[in-house]
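Both complexes shown next keep subunit A, but they swap its partner, so subunit B is in the first and subunit C is in the second.
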Partner chain A sequence: MSTLASAGFWEFVGVVAGIYTILALGIQLQFGFAGLLNFGQVAFMAIGAYTMAILVVKEGWSTWLAAPLGVAAAAVGGLVLGLPTLRLRSDYFAIVTIAFSEIVRYVAMNEDALTGGSQGTIALGPVGQAAQYNGQWAQFQHRMQAWLGLPSADATMLVIVWLAALALLASAWAVLRTPWGRVLRSIREDEDAAASLGKNAFAYKLQALALGAALAGVAGLFYAWQFSYFSPDDFAPLLTFFAWMIVLLGGLGRVFAVPVGAVVFGFIFAGTRFLGFAPFSWFASDQRAYLRLIIIGLVILALVVLRPQGLLGKREEMVLE
Partner chain B sequence: MFSQLVVNGLVTGSVYAIAAVGVSLVYGILRLVNFAYGDMMAFGALVAYGCNGPLRQSMVVAALAGMAATALLALALDVALWKPLRARRAGFMSLFLASIGLALVLRQALLLAAGPQPEAYRVDPYRVFVIGSVRLSEAQTIAVATAAAAIVVVALFLARTTAGRVLRAMADDRTLAAVAGIDVARATRLAWAISGLLAGLAGVLAGLVEYSFTPDFGFQLLLPVFAAVVLGGIGSAYGALAGGLALGLAEELSTWSGFAGGVDPVYKPVVAFVLLALALLLRPQGLFGRARVA
Partner chain C sequence: MTALLEIQQVVKSFGGVRAVDGAAFDVAAGSITALIGPNGAGKSTLFNCVAGSLRPDAGRIVFAGRRIDRLPTHRIARAGLVRTFQSARALARMTVLDNLLLASIGHPGERLSGLLLRPRAARAHERALRERARELLDLVGLQAHADAYAGTLSGGQRKLLDLARVLMLEPTLVLLDEPMAGVSPRLRVELLDHILALRRERGITFLIIEHDLDFVMQAAEKIVVMNEGRVIAQGDPASVQGDQAVVDAYLGTAAVHEQPAPA
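And now, the complex of A and B:
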């Protein structure tokens, strides 16, 4: 029980929930508002994180230049994926996006010279030298910690990540209330009707995809900074499904349902590590890791069957179909 | 070298083809892109391993047991999950997400039950048949012969039997088929049973070809299988057969040195997707799919 009670553990859960909020906000934008079935979201997270880390380590760039470029690279990734595929039927599009995310992970795994391969970012630099991409970020975090008078690095990260998440949520909320957001929703409801009014549905969908990809890029940056090391395994398709579950849990078509979903997901995911009572105590700790994912899967199933609008979703606005 | 690659491609491709038909049949009837299919394959492979390894049964008995168990699993899941969702008129999105949840549950349950260590069937990996310049391991020989037989049986079933025609008619136009007096509930059960049998068979063959496999190997197979389904046009069973074989051949032949030096073998899985992307650019409805707005 000691871990369960420690502030440090919950700070960590909070940081991860904040990162997931940003990642899932991208899916909310793409699916909840534009109706796009993007199941490759984790690829854009990987593109953002790797671009930043490679520019810092290999090219010696400043973190503050490399980070926005990472986000831009993720957005460009969204354009590259969307240009040939957005005209496909939605079921084809869903499969192609998963395939895209696996291609990105595969390239990261096998292009050792560019990404460090399966050893991860530690192998980005010259042989025999452990590469580091977060020196400037650690300095910044340290200064913030001193300035805010916070007790730990995780607590500082918690504040930074959630400030960023709230700023992005607020901007998304504002943007979606503009005429642009209304057109996006009209395309989600009836693409032909929107097109008949002279709206270029393809362009709007492409913009939504790229914007959601950029958000995933931001999530990738924070992920990289929080863990100081990452490898292609961190960007498996499972992460995309977690983000989808967060969006579903919170509710479709509502920006501020995303952080609620992320926090509830964080509690389920972290909390299930401490299932110390029967029947969970019958299993060894490595087996409990499987049980956690079984529980996550069952929650997805229960949501789809029992509450397709999510916890906070408006049934009249959007129901999972 | 070239003929060896063709044979290897046929081995891989026939496993893809069998699985792709299983995915395609259910999609044709239920409009369900079954993300849990890879894990159903793994289930069949593991049941067969249980019979072949600990229970010392022959490979044939083991494979049949794996197929039967997977078909039962598919039918049970239809009653427990898919039927209630259909009753609620759940759309494509709900079904797809439910299958993702189901895939997680199945995969982790298999890991929980069987443990993460790799398993292998009792076949001799060093026994090799040599035909001309082509070498085939015993497992590959079994796999390609079984797969060829299964493909012929499935194709004949779809083309010649009434049940096969019913399934194709429903995939073509469900409403029209129902109006014509087809028992939809019965056809649905049939589709799941066949899809389960094929999943079990594809799982066992994949386990044989890869020699050793872990309980979560289904997911790695799923994406090339999906690629094969899409390549052939979702819902078209013949298309899925052709798509699977074409993908298997393309993956192996891409490494041929006579073809612009050949692709690094680690990128074989990527070849499948690049091919898929190119095919979709040229024919957005798949090779055999009909143009249709949905």
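And now, the complex of A and C:
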């Protein structure tokens, strides 16, 4: 049980939970407030990460210029997806978003010249040279570590990611309680009724989709910086569904339910590696890794039965029509 | 009186069925006009065309001198023509007050750019809006429910909420789709009083689909009768009641005053 006590391991779990918080906040904005079923969130994460990495490696841009451009590219990706599809009924839209996310991943896998293909970012540069995009970020992280007096790079990342996550959560909370957020909720409730009150539902859905995509882009940046290497495999649809689980765990329509869901999810997800006792010990450790997916699934099932509103959601909102 | 709304030879087909087949009539400014007819006469389809939910295949719809049959719903609403729905569309998981606050045209706080660039104007608009919403809640008697979820209201209360929400927009023309359906007798009287008072005091024009003929005869000064997508008669209540085409097509052989009001 030595890993259980290791601070380094839990720092890592915390970093990932912070990244997932930012990713899932996008889903909360899109679905919890605007009613958009976006099952392609991971694609925007990929667009953000790849845009940043490509600009840094291939164009020699500063990280601090490439990063906001990565976020902007993710938002533009949201607009590109939304313009032709947001007039579709919500279930058709959901299907299109899954397809979109797979298209993005397959493009990244096959456009070797642009993305490094299935070898990932290591092949971004000239042949035979291992490319890396996070030199400037690593420097910044070192300086932060020294300045804050933290013991490890992961601990520093933990602080940076959660500061960013909290700033984004606070901004989302502030903007969603304005009249703008009220219009979003009305569209979630009944698009036709909102239109009859003079609201351009399409424009609001497009904004929600683009802003949620931008959040995924931010998550993509931190993901890229944390792992200092990524490939198209990192952006499989499973990640989108992790974000959905986090939102459902935490509760719909509540901004600060997202970090709660992400932390609970992160602990369940990481915690299953400590299931070294019977009956779990009957399985090999690589098989046990899949148990966590089953456990998360069971938790979601139990939640639907016992607490459909999630940990922080409001029960009465689940029964109103 | 001048025509506020002109329906000119409107046609709308679904597949091979001409739901609205050349309907034409005017709604005079400041009037209460009722649109009646048997089920399937095309009344609701015509309503949807006027409100912008459906686009007519042919014909023109002119509101306040401006052609609106190619505009989307939200632009028509902003022009001052607002509808209610047959089943009141209360936004269930929002409070009653929020339902009303939603009904505002040109609120700077409803735009991200407005929130950033004109925060003071947004706050001022919101304050004025809240005041107005409270007044309208008082008017329809829902003030005690201001902070309740709209989903907790009864069917009749939702109709009142719907009406109050429409009034928030200060419309010139209101389309009411079966306002009396599913409303208790006590609330019916109240609703009728509200509609009459609104026309009298604010000069709001109403076009109303309604099956409750008692209500229609009491409230409307003009009745338009549709059957099979066409207007078969129009005029004041007395003349429509005596119209043979109406008696044949819509009322069968029974006279209007003998028709039982729907439950």
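In this section, the second predicted complex is superposed on the first by the 314 of 321 C-alpha atoms of A that agree within 3 Å, B and C clash if a C-alpha of one lies under 4 Å from a C-alpha of the other, contacts with A are read in each partner's own complex, and residues count from 1 in each chain.
Definition applied: contacts are C-beta pairs under 8 Å (C-beta built on N, C-alpha and C of every residue); 3 or more make two chains touch, one makes a residue touch a chain.
In this text, all values refer to a predicted model and were calculated from it rather than measured experimentally.
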Clash or fit, subunit B versus subunit C on superposed subunit A: fit
Contacts of A:R182 with subunit B and subunit C, given as first, second, both or neither: second
Touched partner set for A:A194, first subunit B, second subunit C, both or neither: second
Touching partner for A:L298 - first (subunit B), second (subunit C), both, neither: first
Partner chain(s) touched by A:L114 [first = subunit B, second = subunit C, both, neither]: neither
Partner chain in contact with A:Q207 - subunit B first, subunit C second, else both or neither: second
Per-residue touch tally on subunit A - higher for subunit B or for subunit C: B
First, second, both or neither for A:F241, with subunit B first and subunit C second: first
Contacts of A:A130 with subunit B and subunit C, given as first, second, both or neither: neither
Minimum C-alpha separation between subunit B and subunit C after superposing on chain A, in Å: 10
Shared subunit A contacts, counted only where both subunit B and subunit C touch the same residue: 320-321
Subunit B to subunit A touching residues, read off their complex: 33, 81, 84-85, 88, 90-94, 96-98, 100-105, 107-109, 111-112, 219, 223, 226-227, 230, 234, 264, 266-267, 269-270, 273, 276-277, 280-281, 284-286, 292-294
Residues on subunit A engaged by subunit C in the complex (per definition of touch): 175, 178-180, 182-183, 185-186, 188-190, 192-201, 207, 253, 316-317, 320-321
Residues of subunit A defined as touching subunit B within the complex: 37, 84-85, 87-92, 94-96, 98-100, 102-103, 106-107, 110, 237, 241, 244, 248, 283, 287, 290-291, 293-294, 296-301, 304-305, 308, 320-321
Of subunit C, residues touching subunit A in the complex: 51-53, 72-74, 77-78, 82-85, 89, 91-94, 98, 101-105, 107, 109-112, 115, 122, 126, 149-152, 165, 169
